[in-house]
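The structures come next, written out as structure tokens.
Below are two complexes that have chain A in common, paired first with chain B and then with chain C.
Let's look at the complex of A and B:
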């Protein structure tokens, strides 16, 4: 059976949708952090560590939770393939500021631990007890061909039966998350055109 | 001492991003780790930085930390006895 897109979730412009249907909207919050916190609370995502996370992890956690909680079952060997453009730039800047001479040169451990984008993979894996292949790539722009080739390769080589793919971009108050599941089941066509359309 | 306890609660809420908490939610005798506030090992490092940066106290013996960071009460007591700024 061909690989398809079986579930997908979008977060952008103050809206969150699951498989194309709106599940949350809040246009009143002036910042990304306030918006994502309001979504976390309203959607009753119970994960206290959320508050300590950097913006990229918060976006990743909310998007993947909405997606994975909508599925009947989750394979513990589901692979993760995440990408974005800005890495974890917001927390990097915060860390840089915290170690500056003006601030006394003290690094904040709670900030430092989030200064790698692949921490987002770890947070999702811990929450859903995934013990699987995972990778985070940085691209100039959304790269659907790479995501298709990589996810199909993981499935075809028997590394996993399904892949959670995601474009998770956040830079200050600009954000766009698109996460989707690729697996050999009934679903939407897995193609560059389709992914570009769903982004 | 009461002012120091209040100050510590504010610093902990701010440094550890305990967004949904206010100083009224933390009792002086609450355990900071485990069943109390549920802080973790990274938070412990953050508390060590607070001690150094804000009160001029450098912890050299890790075993000391367990007693010092038991609660706001024990932290305030230790800081008041050892602070250099």
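Let's look at the complex of A and C:
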């Protein structure tokens, strides 16, 4: 059976949608952090570690929670394949600022631990107990071809039965999350055109 | 359509590296086999307000060596390290650039010093990758893998999968990271940095030493592309997350255990066929203990195991690829290097940590790494002798 897009979730422009249907909207918060916190509270995600996380992990956690909680069952070997453009730039800037001589030059371990983009994979894996193939890639632009190529490769080579793919971009108050499940089941066509349309 | 898993064989060259021990693989192997370490004492108030140890490249020597490449334009230290390291495999890839050839850059922080300089464009890893791709002549969009301390070896695993799926025929991989104030202060805030050169698996180990390096390798489905007497086949690979903690390894080594187990299964070998393990061995209390747990669960406690961190320090996103390049080159000489810094056994389970260079048949090499975010990678390499040339 061909691999399809079976579930997807978008977070952009003050809106969150699941499989194309609006599940949350808040146009009143001017900053990303206030917006994502309002979504976290309204959607009752109830995962207090959220408050400690950097912006990239917050975006990744909310997007994957909405997606995964909408599914009947979660394959514990579901692979994670995340990508973005800006790595974890916001927390990197925060760490850089804290270690500047003007600020005393001292790093905070609670900040430093988030200065790797793949921490987002760790946070999702911990919440959903996914002991599975995990990788984080960086591209200048959304790269649907790569996401199709690598997710299908993981499935076809028998390394996983399904893949949670995500473009998780956040840079100050600019954000765009698109997470989707690729698996050999009924669903939307898995193609570059379709993914570009759904982004 | 489900493919036959072993339909396409994937091969690797022995590769090249740029480290404080030398700017090519030959110099590095020579120094490693002599037991020489690239870790030195430094006093640099910009990097740290007290004297410290690190594996840091002499930038004047680097800039001079880079000049010999005659490349036009401005290049950061990191870019110079990357281009210098990939230079030696250029004769191999120049002929195949038009034959579905891609580029993977593995790095955790890339040109991270750009942040303190306020040069935000340089911060973006995709810009670094584009610049390097242009110089090399790779036409497809470069892939950046930023997966903490496993990035370097995970890139080999990703390359194998993409080639076996017919997306690429060849992938050039370059792993690189700098010794930076950004990372150094961070690890210090974790109290994870040793005041002395690190001592993996030793009783007196007390943390990591940071380093910097670049390493390069060519992965291909066409073994005729690989020159030289010895080449390697990538038999199995896996990257399983611990799903346990973002900054500490699983106590039971679960993710690493599963990664090795799955690699062995894919390679269709048994654990006792592995001739040596090039392990991660960061010399933190938790990492080395976790590895001992995983290796023992697989019955690998008698297999010779070593860490190269005592020679180079922890070079982050370069580390896994640097270890691979050294492991494959020393393996081609039937040598298993000494695990520098180890004298008294310091993990709770038995391990056969090498205390001298061992000259022995070295056909199957297991490379492992683990890192922040709960990430783990295992890759199995098999040596072949090139009879066709």
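Rule of thumb we're sticking to: the second predicted complex is superposed on the first by the 199 of 199 C-alpha atoms of A that agree within 3 Å, B and C clash if a C-alpha of one lies under 4 Å from a C-alpha of the other, contacts with A are read in each partner's own complex, and residues count from 1 in each chain.
Please note the rule applied: a contact is a pair of C-beta atoms (placed from the backbone, for glycine too) under 8 Å apart; a residue touches a chain by one contact, two chains touch by 3 or more.
Keep in mind that this is a model prediction, so the values were computed, not measured.
Colleague: First (chain B), second (chain C), both or neither: which does A:142 touch?
Modeller: After superposing on A, A:142 lies clear of both chain B and chain C.
Colleague: Using the touch definition from the top, say if A:108 reaches chain B (first), chain C (second), both or neither.
Modeller: A:108 contacts both chain B and chain C.
Colleague: Name the contact category of A:51: first (chain B only), second (chain C only), both, or neither.
Modeller: first
Colleague: Applying the document's definition of touch, where does A:133 land relative to chain B and chain C: first, second, both, or neither?
Modeller: After superposing on A, A:133 lies in contact with chain C but is clear of chain B.
Colleague: If you stack the two complexes on chain A, which partner ends up touching A:125: first (chain B), second (chain C), both, or neither?
Modeller: A:125 contacts chain C only, not chain B.
Colleague: When both complexes are superposed, which of chain B and chain C contacts more residues belonging to chain A?
Modeller: Of chain B and chain C, the partner in contact with more residues of chain A is C.
Colleague: Using the superposition on chain A described above, determine whether A:153 touches chain B (first), chain C (second), both, or neither.
Modeller: Only chain C is touched by A:153; chain B is not.
Colleague: For chain A, which residues belong to both interfaces, chain B and chain C?
Modeller: Looking at chain A, the two contact sets intersect at 106-109, 113.
Colleague: Can you list the residues on chain B that touch chain A in the complex?
Modeller: 15-20, 38, 42-43, 45-46, 49, 52-53
Colleague: Give every residue of chain A touching chain B within the complex, in rising order.
Modeller: Against chain B, chain A makes touches at 37, 48, 51-52, 104, 106-110, 113.
Colleague: Which of the residues in chain C come into contact with chain A in the complex?
Modeller: Contacts found on chain C: 1-3, 5, 49, 108-109, 112, 115-116, 123-127, 129-130, 141, 143-148, 154, 158, 161-162, 164-165, 167, 181-182, 185-190, 238-247, 254-255, 258, 262, 371-375.
Colleague: Give every residue of chain A touching chain C within the complex, in rising order.
Modeller: Going through chain A, the ones touching chain C are 80, 85-87, 89, 92-93, 95-96, 99-100, 105-109, 112-113, 115-123, 125-126, 128-140, 143, 146, 149-150, 152-154, 156-159.
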